[in-house]
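Here come two complexes built around chain A, the first alongside chain B, the second alongside chain C.
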Partner chain A sequence: MNATERQRRRVGTALALPAGTLLAVLLLLPSIGVLSFSLTDYQFGMPGFDWVGLANYAKLFTDPDIRRSLFNTLLYVVMVAPLSIFAALALAILIEGEGRLGSVFQTIYFLPITATLVAMATAWEVALHPTFGMVNAALSAFGFAKVRFLSDPDTALATLAVIGVWKILGYNTLLFLAGLATIDRDLYEAAAIDGADGGWGRFTLVTWPQLAPVTLFVTVITLIRCFSEFETVAVLTNGGPSGATDMILFTLYQQAFRYFDIGVASALAVAFLLFVALLSIVQVSLFERGGAA
Partner chain B sequence: MKRLLASLALTGILAMPAVAADQVDLTVLHAWPQHAKWEKEIAKRFMADHPNVHITFQAPSVDYGEGLVSVIRQNMAGDPPDVFMVGSHLLPNLVTRGIVQPLDDVMQGKDMEKLGYTENVLKLGQVNGKQYGLPWTDSTTVMFYNKDLVKKAGGDPDNMPTTWDGTIALAKKINALGSDTHGIYYTLGDDDWMVQNLLATNGIYPVTKDGKIAFSTDKGKKAIEVFQRLIQDAGQQPIADKAARQEMYAGKLGIYFNSAAVVRSFDREIGDRFPWGAAQMPSLGEKGNVASGGMGVVVLSKDPAKRKAAFDYILYGTGAKSQAYIAKQTGYIPINTGSAELLKDFYQKNPNYKTSPNQLDRALGWFSWPGSNGVKISQIIMDDMTSVANGEMTADEASAKMTDQIKPLIETK
Partner chain C sequence: MVQAKDLEIEGLVCRYATTMALHGLDFRVAAGEFVSILGPSGCGKSTLLRAIAGLVPTTEGSIRVEGKSIDGLRPSERAVAFVFQSYALYPHMTCRANLAAPLVMTELSAFGRSAVFGRLSPRARRVQASIGERVAATAKQLEIDGLLDRRPAALSGGQRQRVALGRALIREPDLFLLDEPLANLDAALRNRTRSDLRALQRRIGATTLFVTHDQAEAMAISDRIIVMFDGRIRQIGTPDELYRAPADLDVARFLSQPHLNVVPAEIVRRALGERTRAGDIRIGGRPLSAIEGVVAFRPEHATMARLDEPALPGLRVRVDHAEHGGSEANLFVRLVADDTPCVVRIASRAIADWPSGREGVLHFELDATHVFPGEHADMGEPGLSGRAVA
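Showing the complex of A and B:
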């Protein structure tokens, strides 16, 4: 190693130091803290704690409330993710095909993203009111029975899922639109020459394969966003009725800041972190393989 | 010379705080943003009387639980607010964490009885026999009702039923009036206080005198059954409190139960669109009780000068005049004996505000669960009671389940 090389390394280290320090202080150290807390029975604000090994992790599988919360989260993801991805794809293709009005539709579908969710949740609350709500007024006008959307345990989670789709749809549509814009027009002409000049043929032969990287990205982002759903639960249902809409992040918040059980909350946080990290790693590795091909 | 002048000027500036050494700054945290208006007014009046004390409010927390979290967090950072209004059921959480010290130092030499605090009122601020705080507000649950609907259903709005049986029968008739009118709604509230109150109407505390969990006793089970009857017989819908209260304000709900602290809100929201009243809680036994609760005020500062100023503020806020003012602003029961005289005319003209003080003679004292799992227990009770409302469990099943779940939580510390 010669002098200039060493010099370059020193400068490189110096330049990386600020970002590295921030990363360590804001991300790595707290994560290590959470990891350590997950092995204790620490109660928020109490002077001491004991090490309890993996007991908190065992609770994730044995505690009925936490299990229900994890199950609800999965159910929510299964309801929201596929719908918001495929509907967004369909919308994007329709909007792209629609010449002049395209940008109008695009704005309409994107609006929920720009609104503050807490304010919008309150609007939903009004619309879904069990007696006076607009939705129930419409239902009874058509002769259907009224639904207690957010207070009936059978409908509460599904109602949140609908709001979830509404919230995320515009964002996904926008990503797909961006993806569609990058597809080379020549490919469609080439496909037409090969006989694929109908809508479906063009879609399966050109559009869908060309959108693969975007689809992968949208899928991962959507999954992470669904798993970390919190606001609608906190604002609209508080996890109720009787825990029917408890989801992982809301449970984490409750365990930590209402029951003061930092140990269990940390174990949940670690589990959540692992999951998100796993998804991201899958994405990156698939992405790189796609790039190489 | 110039330098000398400059340094003289500098010493002058540095000395300025010393001139105002008597000045004491107090930070105060209370829950419920809707209380900010009257809290600020009391502080303003206090500061006018005590120009050397300056009170700053932290942003009010949205409920009692959030307030406690905020205080614990600030205490860990070493700088908790000097004065805190704590939910009556959460006071032990401060004590077990050593965040609050008894008021012995500042209370010394004060004749509390003469200042208008009865033995029972002082007891509300005690934990393990030590005076950690004073009650700042006190409340019981009352029965709000729509006089028009009661009349239409054949009831007498000036003589509301005093038993649950009578109340349920009346609610049934109101519910039968049709056109989207509902009979009754007993809110479960934000914690287990409203269920404590159901138990109280049958004369018991959540933990009985011989240490049993109320839900495991016959009296407790009977009280929980009342809730099931409200749903099955009296027309209570299993909906959120907010939605039910909107129905009440819209004149579509006959009877509604909640803390008397919201009497003023009823006044404001209903105006004179229809006549309404607030009656005493019905009883299940011959003479049932009512639960009471509210917020206690505690001093968290350890600095002697601040503690003294803070205690003056507390005495001011719990004094006859301030308590009368709070009663008018909310519907809370004044905790100071001197307030009764000041409120005479007001109560005469506004009888709905007097219902809660009127039933004080049958109120049980503030209750908090033994151990440090009170919040978790509240959640369990609310969840299981909601299941009863939704027909997922019978009252007896819920009583058994609540007993099983609560038992380990009050036995282990």
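Showing the complex of A and C:
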């Protein structure tokens, strides 16, 4: 190594140092901290702790409350993800086909993203209120019985799922619209000449295959967002009634800041992080395989 | 060999919201003919091709194939094949599937196309087998049988172009519509492919419309050329007719790329005089004294003579610079009279005789010179300038 090369390396290190330090302090250290806490029985405010190995992780699978929370989360994802992906695809195709009003619809569907969710959740609460909410007013006007959407254990999770779809639909639609805009017009013309000038034929020959990378991205993003649902639970139901809407991030929050059980909360956080990382890795590898083909 | 059909276009108008893309076009293409549509970008040549294919709606006029109107038919019902500049191959499908696509989409139902039902139904299986045979035959004809299992991304530009041609051919169309199919190839491949293309067209005998902005390409392979400007047809003729008798200055300029010399008639008159001992000087059949506007001649019809020994009167010019082009060279000069730039084709070994700044006399062949109304005159009346052409 000659002098100029050493000089270059010194300058490079010096330039990378500030960003590197920030990364270490803000991301790596806390992660390592959480990972370490997950192996202890540390309780917030306690003077000391003991190493308990994987006991906290075992608890994730044995504790009935946490198991219910995991089950609720899965149920929520199964309800929200497919609906919000396919409905967004359908909406995007409709909006793209609609010339002048397209941008109006686009804005309307995008509104939930721009609005503050806590405020919007309050609006939902008012709309769904058992006695003076307008949804129930409408139901009784048509002769149906009133439904206690958020306080009936049978309907609470489904109600949150509907709000979840509403929340995520516009974003997914926007992603699909961006994907549709990148499809080469020539392909549609070629399809028209080949006998697929609209409808199902054109969708299967051009639109759907061309949207594959976008669909993959939307699917992963939607899954991650559904698994990490927190705000609506915290604002609308507080995990209730009787744990019917308890979901994994809300459980984590409760364990950490209500029961101060940092060990269990950290184990949850690590498990969640691993899961999200896994999803992202699957996405990246699928994406690269698609790009290479 | 397909049964060639003729094509007749009458009063074709295409209008988008506010702009006119095509202003009432009329022309006929004989069965089996290879006709190029030539014009600068934005002249409406691609729109014309898309209108014939049914990809853009027409406002007025009719399109007839073998006397039968195809207006209002869907693109897939028109028995036309279209080759796109971008080739528009389906990127997620193998070449085999790309070639088969037009047959699959028209001959199989949505059920027949699906993997499960397509295997169950005996009729779908028969159709699939026949499609497979036709794909193999077309691939063989275009020498792409070795590429059938690859995807378009794994092919070179020339190979993609062949697959796109194959997808067009496999339908055995009445009309072959090619939208700048050679534009995305590199220069060497383009020249070879264009002769291949013409040979292929002769072999299958399909009536062909070929859109291009490259006049050399159009001249090289067409039976006839349609020249378009601003959504109108300016001239229709064989390559030779267009070269010898361009209808107006735009056409002459476009066909003489890269250079056409345009000199005001007044300057020529002052330099040459109006008559010699033999009689009136005539350009393009008209006496020089009666000519208004401009005269135009190509670099290959001009020569340079030394100032001290001009055999005949000519235009006095000053040399600007020379461009070596192999055996020949282009000499860029300016008229001493009014600085009009001109180009003269000289032998490349003569470059040394014409250093920058030297003055000389430019002669041009009066018989190969065209007369047009002034540059700013209305170019929309080919009749007027047509009469002036030699």
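Side notes on the structure shown:
Note that the second predicted complex is superposed on the first by the 281 of 293 C-alpha atoms of A that agree within 3 Å, B and C clash if a C-alpha of one lies under 4 Å from a C-alpha of the other, contacts with A are read in each partner's own complex, and residues count from 1 in each chain.
We adopt the following convention: a contact is a pair of C-beta atoms (placed from the backbone, for glycine too) under 8 Å apart; a residue touches a chain by one contact, two chains touch by 3 or more.
Because the structure is predicted, anything quoted here is derived from the model rather than measured.
With chain A as the common reference, chain B sits beside chain C without any clash. Touch criterion met: A:Gly45 reaches chain B, while chain C stays clear of it. Legend: residue contacts after superposition of the two complexes on their common chain; A:Ser242 is shown touching chain B, with no touch to chain C. Looking at the shared chain after the overlay, A:Gln283 reaches neither chain B nor chain C.
Of the two partner chains placed around the shared chain by superposition, neither chain B nor chain C is touched by A:Ser228.
With chain A as the common frame, chain A serves as the apex of an angle whose CA-centre rays point to chain B and chain C; its value is 150 degrees, to a multiple of 10.
Applying the stated contact rule after C-alpha superposition, one finds that A:Thr155 touches neither chain B nor chain C. Nearest C-alpha atoms belonging to chain B and chain C sit 47 Å apart in the superposition, given in whole angstrom. Contact residues on chain A toward chain B in their complex (touch as defined above): 43-47, 125, 129-132, 148, 150-153, 240-243, 254, 257-260.
Partner chain A is touched in their complex by these residues of chain B: 65, 69, 72-73, 75-76, 93, 96-99, 180, 237-240, 242-243, 246-247, 250, 252, 372-373, 375-376, 379, 382-384, 386-387, 389-390, 392.
Those residues of chain C lying in contact with chain A across their complex are 50, 53-55, 74-76, 80-82, 84-86, 88-93, 101-102, 105-106, 110, 113, 151, 153, 167.
Interface residues of chain A facing chain C in the complex, by the touch rule stated above, are 184, 186-187, 189-197, 200-201, 204-206, 209-210, 212, 293.
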